[in-house]
Amino acid sequence: MKAVIALLVGVGLWQAAVLVLDMPPFILPGPARTAAALWENRALLANHGVITLTEVLLGLTLGVGLGGLTALLLAAMPRVAAVLGPILVFSQAVPVFALAPVFTLWFGYGLGSKVAMALLIIYFPVTSAFLDGLRATPAPWVDQARIMGASPRRILWCVRMPAALPALLSGLRLAAVYAPIGAIIGEWVGASRGLGYLMLLANGRAKIDLMFAAILVVAAMAIGLHRAVDTLARGMEARRLR
Amino acid sequence: ADRLTVMLDWFVNPDHGPLIIAEHEGFFADEGLEVELVAPADPADPPKMAAAGRADIAVSYQPQLHLQVAEGLPLKRVGTLIATPLNCLLVLKDGPIHDIADLRGRRVGFSVAGVEEAMLGAMLAPAGMGMDDVEMVNVNWSLSPALMSGQVDAVIGAFRNFELNQMKIEGVEGRCFYPEESGVPSYDELIYVANPDLVNPKVIARFLAATERAVQFMVNHPEESWAIFAAHAPELNDALNAMAWDDTLPRFALRPAALDAGRYARFERFLSDRGLIEGVRPVSDLAVAPDGGE
Amino acid sequence: MIAPALIFEGRVLARGRALVGPVRLEVPGGRWTCLLGPSGIGKSTLLHAFAGLTDGLSIDGTVGAGDGRPLAGRTALMAQADGLLPWLTAQENVVLGDRLRRRRPDAERARALLARAGLAGLEGRKPGALSGGQRQRAALARTLYEDRPVVLLDEPFSALDVANRARMQDLAARALAGRTVLHVTHDPAEAARLGHAIRLLTPQGIAAIPPPDLPAPRAPDHACTLELTGRLTRQLLEAA
Amino acid sequence: MKAVIALLVGVGLWQAAVLVLDMPPFILPGPARTAAALWENRALLANHGVITLTEVLLGLTLGVGLGGLTALLLAAMPRVAAVLGPILVFSQAVPVFALAPVFTLWFGYGLGSKVAMALLIIYFPVTSAFLDGLRATPAPWVDQARIMGASPRRILWCVRMPAALPALLSGLRLAAVYAPIGAIIGEWVGASRGLGYLMLLANGRAKIDLMFAAILVVAAMAIGLHRAVDTLARGMEARRLR
Amino acid sequence: MIAPALIFEGRVLARGRALVGPVRLEVPGGRWTCLLGPSGIGKSTLLHAFAGLTDGLSIDGTVGAGDGRPLAGRTALMAQADGLLPWLTAQENVVLGDRLRRRRPDAERARALLARAGLAGLEGRKPGALSGGQRQRAALARTLYEDRPVVLLDEPFSALDVANRARMQDLAARALAGRTVLHVTHDPAEAARLGHAIRLLTPQGIAAIPPPDLPAPRAPDHACTLELTGRLTRQLLEAA
């Protein structure tokens, strides 16, 4: 129900933007045109969509896994964190196109470099949010654990990690939204398949309605993933304390 | 068979017709080649990949080659794909620009490739203008939209075989000022480049022989070759590509292996005069004609 | 298991301001010592000093065990707030120490302790679904489960009704017999029942109040207990 | 001190990557070459850097402001949030180059479109993290406020907002890292000045060492901003509860 | 200001399970009623029901004021946990209600209340820098500052020493005279001192225990108070 309203409102805003701002169709096609393109190219979009979805899921899994692991490592070793932190930030500040050749040289033209690119984008919000959560564990819990004779590592594992779960889930929500765009950007690194490829191709070839149709598919992916993660997160948070 | 990785300058489009046809018609196989085509999203990447040995051959642009060699990339032109410029200075047909002189005080959009200022400067000179007389705006991803929507009065860097047709499809006709008719030395738009130390010239010669057969096939059978290209991937079969195909056909190098040394020397001199590169390099540093003789 | 004496001498400072002292507190080894005193005088701070929780505080003086060996690893603390982990069940909270130390938790013993704390049947509840007194009893069970020679109790029975309080006192007294217990309480009757030694912390310093010569826990309605309760109450009223 | 170690480790890793992976200088120039390019082009980089920095600071301010406001609005109106949430997610899933013409048509080629682009990128992590924090306010505080007769709006303002401050700061840390890349992307959309433009130009002219020098400047900006926000955040968090 | 009676009748359920009841609790208007009972019997839950905090709970029955008008806006609650906002100073916590209601806070009154709670000089401290008993007193000051006709107190003096406890009892009794007070406590002596009415909640239901016919607060060492304390203690011991 809410989803339907959201859809209607979204389409309404879009149509309004086209009308009010007087956008020519080669810059921003209206919903009707895009829907038509979506329908006409459904087979094409499905084909490329499946490839992108694979990359998204792979990137998300790896990104969340690696990001979570990194946050744990950095939380376990605050000194290392002080050194690695800026390097992590650096990795996020480097524009993708500069890294693209490095990645291709390294991982080749296959799935590898695309997933690596998606991973790079997902990785940081997860790491950052989770690390913030790990650092904010209420002191009395950590103190009690220390008195009980726990090693810092055990405290991290048994106390700080579960305490930081909401923060991790917060990072996960961001990751779910960034994963598709990560895969799209990954596909710009030497791909000839996937929605990112289709978008650039359509963009360069005056098929703006096809491009927006592809964008719709990607956005649907992002919304779906976000909703799935959100439902999961709410469920976990609800069950966590009762 | 010898494996050969060819990195395109951009996603597959009619400019790459000979490669698709050669693949489909088995001309590569006849030469004992197994060719893999790879498409990047940034046209600046393929020459780097070729220089680094990640790709055997890259499709690139002659103007860029001069810059890259000047910067020390181990690259040489080994063949020609499209033997005329494609770049043009594009304006609206019904717009205020009838003459290059009309550009005074106007906005010119460009998508950074590196040489557009030099070209535009050369094109403005006969009208007694310099770069200070126009306002340059980098519009990156949206050359023709920026022009069509009137945000800029002209764009440089548009391809005559694409953007013109694209605008026609959108119902906003455009007009080209051709650089080679306006003071810029003519050049090869698309060339094959390779790292001469890493690729066997004999293999390259066989590769060029296959593409030469492909170009001949296309010239002889334009309709059939378009059908082959359109069937290569479903997303390629559209009105724009069909129109572009016809416009591109006469521009493919009929002798891909042949080298016009003077053309490279002239362009090197041109870029040097325009201050984009320091000094001039002998043509032998820029280009080779692979020896196909056994 | 040797239950060492505890000694604190000096002051505890927070950003230059003294929270406690200067005082000298000796807690006899293997015995139950009750510490009373007005609110805000520094009882919890002393307990924290013994437990090694001095983040943000500085100790100007000495704190440690009478045998000179470090206290770390020999101490259990039941803090003033229950400090249960909200995502663990009562049972899991009780065995938390073992999980933290990578020992196999003794589920049976934990269950038995919870049952003796009156929480039989509530082992699977998370703290959020327990009443205040139930949480306090779970925290007590956790402290007893730790089985340490030095046990620091900060108002461990404050949220309990009379009957449960008496029961928990008995449970703790029995379970902790022979250990060094430092027990902060506001209830003079409780101190009179449980203390082998009683210390009164006031702005003037620490006073030792000799308890009656009866084995603890004493009957709450024994004349000596009542008399001591009265005496403690008076002294507390005077101190404040 | 730590910063120096971080710098040394970073440069070491970079040099190692160049050596071990045998990266040719036209794909990944080594630290020495890049440093030389940095020095030679210092005036150029400073000129363009100032422009980018302006955009970054403007985008960051606006993005954090708008993001914070949005989170407050969404927290105040959970029904609206259910509808607007997916639209927000959508806005993040649309690749930049598709929006570029829309933005330039709307905002022109001046500062506007760049700041808008940076804003769009910063906006979401701030909104998402802050909203998560606002939603996680401990129930007893909200209950107490309700008993005291506070309107939902007052509860939001006096209780939930300060309670969610650490979450907002967590989002702010992300925003600080994303702001420079946001401005760079904004410059790709249409600019003839700024480090993003310089990167494109250097890339087009095969001056890879100049490109990496520009990247270094951007990364330094990101690291500086992140550090500033981090210091601010730690300060606020430390002072908050004592 | 009319202080209404409070009536609860029925059960409180959490996911189908009864936490309280079925019981019928009547709290006379304008008087001080003490509610005693074993830990976990549902005293806090009843207080929450009157305060309207029924998130996750469902009430099968009626709860409300005797005058039939809604209780919302007429009630102050001092919960079992202090519930102070950790980022506000003691002073700011006390006036929080006014800030929440967009009224101009009466800083003078707040300061006076804190001083009477023994926290003079600590107004500028945040809860994290206060002792447990100090926090409880700040929460009491906040509750009194609210100046509501119906006041719900959940173990408000549990973390205080004898002297402070007596002082806070006096402070609350005086400040809340004429209001409807429902006071949950585990201390029979406290109930004997303060209650105009005393209710005992047990698994069997609610019993009313008539207090001595003396004006409250009564002297702690008055014979009647002591006698009632003893009687309550016995009944509590029997109930558990």
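The chains carry the letters A, B, C, D and E, assigned in the order they are written, with residues numbered from 1 in each.
The rule is simple: contacts are C-beta pairs under 8 Å (C-beta built on N, C-alpha and C of every residue); 3 or more make two chains touch, one makes a residue touch a chain.
These numbers were taken from a predicted model, which means no experiment stands behind them.
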Legend entry - Both-way neighbours, i.e. chains that touch chain C and touch chain B: A
Inset, instruction - Weigh D-E against B-D on C-beta contact pairs and write down the one with more. - result: B-D
Inset, instruction - For chain A and chain C, let me know how many angstrom lie between their CA-based centres, rounded off. - result: 49
Inset, instruction - Between chain A and chain B, tell me the centre distance in angstrom, where each centre is the average of that chain's C-alpha atoms. - result: 36
Inset, instruction - Mind pulling the residue numbers of chain C that touch at least two other chains? - result: 81, 129
Inset, instruction - Would you please write down the residue numbers of chain D that are in contact with two or more other chains? - result: 23, 27, 97, 101, 105, 203
Inset, instruction - At least two other chains touched by the same residue of chain B: list those residues. - result: 42, 48, 52, 141-142, 145, 149
Legend entry - Touching pairs among all chains present in the structure: A-B, A-C, A-D, B-D, C-E, D-E
Inset, instruction - Show which residues of chain C lie in contact with chain E when the two form their complex. - result: 14, 36-40, 42, 44, 80-81, 118, 129-134, 137, 155, 158-167, 186, 188, 233, 236-237, 239-240
Inset, instruction - Quick one: which bits of chain A touch chain B in the complex? Just the residue numbers, please. - result: 24-27, 43-44, 97, 100-101, 104-105, 108-109, 187-192, 196-198, 200-207
Inset, instruction - Please give the residue numbers of chain B that touch chain A in the complex, ascending. - result: 7, 10-13, 37-42, 45, 48-49, 52, 54, 141-142, 144-145, 148-149, 162, 166, 169-170, 234-235, 238, 240-241
Inset, instruction - Quick one: which bits of chain D touch chain A in the complex? Just the residue numbers, please. - result: 2-3, 5-7, 9-10, 13, 21, 23, 27-28, 79, 82-87, 89-90, 92-95, 97-98, 101-102, 105-106, 124-125, 128-129, 132-133, 136, 166-167, 169-170, 173-174, 177-178, 180-181, 184-185, 196, 199, 203, 211-212, 215, 218-219, 221-223, 226-227, 237
Inset, instruction - Name, in rising order, each residue of chain C that touches chain A in their complex. - result: 51-53, 55, 72-73, 75-77, 79, 81, 83, 85-87, 96-97, 99-102, 126, 128-129, 146
